[in-house]
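Attaching a single structure in structure tokens format; questions to follow.
Here the chain labels run A, B and C in written order, and each chain numbers its own residues starting at 1.
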Amino acid sequence: MMDAVAPASDARPDLAAIAADASGERAVGRPSVYVYEAPVRICHWVNAFSIIVLMVTGYLIGTPLPTVAGEASDNFVMGYIRFAHFAAGQVLAVFFLTRILWAFVGNHHSRQIFYIPFHRKQFWKEVLHEIRWYAFLEREPKMHVGHNPLAQTAMFTGFTLFVAFMIVTGFALYSEGQGIDSWQHKLFGWVFAIWPNSQDVHTWHHLGMWALVVFVMVHIYTAIREDIMSRQSIISSMISGERQFRD
Amino acid sequence: MAGTRRRASALPPPAAARCLAGAGAAARDHGIIAGKWPHSLAFQPGGTTRAIDLGERIRLLSITTAFRGFLERIVFADSLENVLAIATADELDGWRDGRGGDFAHFLRLADSLALTGLGRGTGPMMSYGAYHGVDGELFPRGLFSQRAIVEPLPLTQITEDVSHAWMRDSFADPAHSSTVPDPDKPAAYSWCKAPRLSGQPIEVGAIARQTVAGQALITDLVARDGTNVRSRVIARLIETARIALAMEQWTRALRLSEPFCDKSRELPDGSYVGLVEAARGSLGHWMAVRDGKIERYQIIAPTTWNFSPRDSFDVGGPLEQALVGTDVGDAGPRAVAIQHIVRSFDPCMACTAH
Amino acid sequence: MGAATETFYSVIRRQGITRRCFHKFCSLTATSLGLGPLAASRIANALETKPRVPVIWMHGLECTCCSESFIRSAHPLVKDAVLSMISLDYDDTIMAAAGHQAEAILEETRAKHKGQYILAVEGNPPLNEGGMFCIDGGKPFVEKLKMMAEDAMAIIAWGACASWGCVQAAKPNPTQATPIDKVITNKPIIKVPGCPPIAEVMTGVVTFITTFGKLPELDRQGRPKMFYSQRIHDKCYRRPHFDAGQFVEEWDDEAARKGYCLYKMGCKGPTTYNACSTVRWNGGVSFPIQSGHGCIGCSEDGFWDKGSFYDRLTNIKQFGIEKNADQIGMVAAGAVGAAVAVHAAVTAVKRLATKREDADHNS
């Protein structure tokens, strides 16, 4: 059925026929589809907010602000920054976990960012098509109800894997302050078996932040671009949950 | 085997134990100034990271005073001023008689073991100079030459000879030489290079420093019997007394409000030489910097000077010359004569593979 | 009966130490090891009844700083530990014996105290070229190490060299210097890292092993929990300045004199597990941070290969580049940002062109 796509501009195809998601399923035959359920949307925005807080505070932990004057007891600058970082980290962890749980309960779109269908040839064909579209080699984009295949790949690696990495290393680093008898250390202390020197864990955690910065930039850009270019709503979908198809 | 064990056991009590306590106490001074010892971190190019405050100066003073007390009670059994007032070998013999303390005990032991005749050295000695102050150095730089006078040190005449070392041939000038092992070299018998000053082997260490500095007692001892096992140990102890007194003065002279670090840390490209007297003798570092990075680095450590093997003229180093002719019996005190001689040079035992 | 079968108690009684003093020592030792009051009587009992543990102390590639540190322990006074608690039968650097006489002790200990002696190793063996970079008594050190490890009860890996490799194992590690636990795999090994370790930590470990006849509880990385379970940062006396956001920005500046936090000067306290900020150094007078210099993380794995001692963000060398995370990240973000901008511009141009084309087509 996927060969029914990429229509010539003069032949207006049936929307439902071309709006297929990456799993190759046919979308329901109406110009608006309910894609992102409420928990998915809530998780998205809470995680987005947490990640922004984590990036800013994380950077400031690595490169602290100029020294504040006055007595140590009058100030708690690093303390507040670190508190914000840890708090946002815990929130991210909880909502990331919630999001994983929802993948079991929610609709099939909610599972999309947790896997890549490696085994399906068609999927990779689609990825190639999307790459060609972004490289201006395709005149028309395809329509997708959920994430397009390239987006799914990007979401899985750029978001799911990276954020999981950040949560694991983050908790491992947090366990250092909590002590080796803490549950954090029991759960995440194995990270130090990989990098015995926690300086390395810091370094990789820091680099992970930059990886997420790159992800966020691409994520926002493509969301806006696709919203304009690919005849389907992207940004408003993450607020309303509805994906609308234009033209 | 029980005899082996008793002889071999590390640190027999109780003198060593007392001595360790004293040395440990002295290390506390170093702890306050530099945070930790060994491997202190506080030293930076241009000064130190440590700003001493009033309270710490008091602590430093109390530690140096306590160290002085250890020396005066345990080691010398006399005041440091009295010890340093001993100017000749005869005065030393007079001072020794009937006195307690480790130093006098050593002097009696040295006589009964005839340590003066052991490990004789007659060659030149040198000191790079140490403890630079506003009014000169406490221990000046100089060469105690074959003619038994102190001369200026010809610093450009320092060379390294590898004819009998398991090292590949390279330049003689330490500013250009390299240290590349060559374990199959036929004529070689040592991992030590042979440093030379104007082509001569040089003895370094406390005795060299004190002779160059013109310390009365040491100069007299060297004039009579050259360097030997006894005079080397005496020089170390006399030097300890001098430094203990100097430490008290330095601590009092600390100006606490002055900067402790000159922050211009840049090191322009070029060649550098650093020469200093370390505890065991003359230590030299030769370095070249390019693009802000160290391009080459060469070290001649004190033990390398003393333990030097023969050079291309077949002249041995100070230790080798001191060992020649030593009577090695297989029983009694002579059995350990070699150990006495080797240890009198205060070698860096664990790392003579420089 | 050799000296090694005597008990600690009989040795110190012979030295004229009273029973009362002995018990005082036991409670002090229990306290210094962080054990409860009951432990004092257990220690006393052990020291009265158990024969002293023979210890063989060997030196590989190292600088002897561990020994230097050890012999300056203030408490338990090193003379108590070295001279009475253990039977230090062999230590190439400080023993009086030399040559064949000294080497004979190794064989003797191996035969007589099979499976009962402690092997304390300072430094590590280089494995390259058959171990030829460290020859000890005419043999490669690695052979001597393996031979003595064979019959040892346990191995103490003194210092960063024996535990992690330290400076001689820093890249490119020409001699292939290798930490003990990579060479000896069939014996319990306790790592006591640090360059050098704190004297009181070393004697504390020896005291524990000799009194209880077993290794203390170890963490995931084989270090004794009682000394290595917290970071320097956790107990640093300058921690309030860290939390307040007050940092030294330059050596000997006003902040340095006020004793502000050294984080910005590259202090590795937040990532270094050691007891420096609690036990401190040289009789407890100070530790590096107190001397105004940041921690360099000398008890951590590979601390020589993490870039400058004076940077917080250490270098990443995995990809053949020597840059820190911020430098890599900023370049990556900059490149992607630029790519996004170009892509957006091309998109806009294309879109305009298409529209015009469509308009032309329709007209």
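FYI, a residue touches a chain if its C-beta (ideal position, glycine included) is under 8 Å from a C-beta of that chain, and two chains touch if they have at least 3 such contacts.
Chain identities (UniProt): A = Probable Ni/Fe-hydrogenase B-type cytochrome subunit; C = Uptake hydrogenase small subunit.
As the structure is a computational prediction, the values presented were derived from the model and not from experiment.
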| item | value |
| --- | --- |
| Pairwise touch network: line, ring, star, complete, or other | line |
| Geometric centre: closest chain by C-alpha means | C |
| For subunit A paired with subunit B, centre-to-centre distance based on mean C-alpha positions, whole Å | 65 |
| Gap in Å, rounded to a whole number, between the CA centres of subunit C and subunit B | 30 |
| Centre-of-Cα separation between subunit C and subunit A, whole angstrom | 40 |
| In subunit A, residues with contacts to at least two other chains | none |
| Residue ranges of subunit C touching subunit B (in the complex, touch as defined) | 2-3, 15, 57, 59, 62-65, 67-69, 71-74, 77-79, 82-83, 87-98, 101-102, 104-105, 108, 132, 195-196, 250-252, 256-257, 276, 280-283, 285-294, 296, 298, 309 |
| Subunit B - residues contacting subunit C, complex | 1-2, 4-14, 16-17, 20-21, 23-25, 27-28, 30-42, 44, 47-51, 53, 59, 183, 259-261, 263, 339, 349-351 |
| Contacting residues of subunit C [partner subunit A, same complex] | 164, 219-221, 225, 229-231, 234, 240-247, 249, 255, 260, 263-264, 268, 270-271, 273, 297, 300-303, 306, 312-314, 316, 324-326, 328-330, 332-333, 336-337, 340, 343-344, 346-347, 350-351, 354 |
| Touching residues on subunit A, where the partner in the complex is subunit C | 62-68, 71-79, 81-82, 134, 136, 139, 176-177, 179-180, 189-190, 192-193, 196-204, 206-207, 209-211, 213-214, 217-218, 221, 225, 229 |
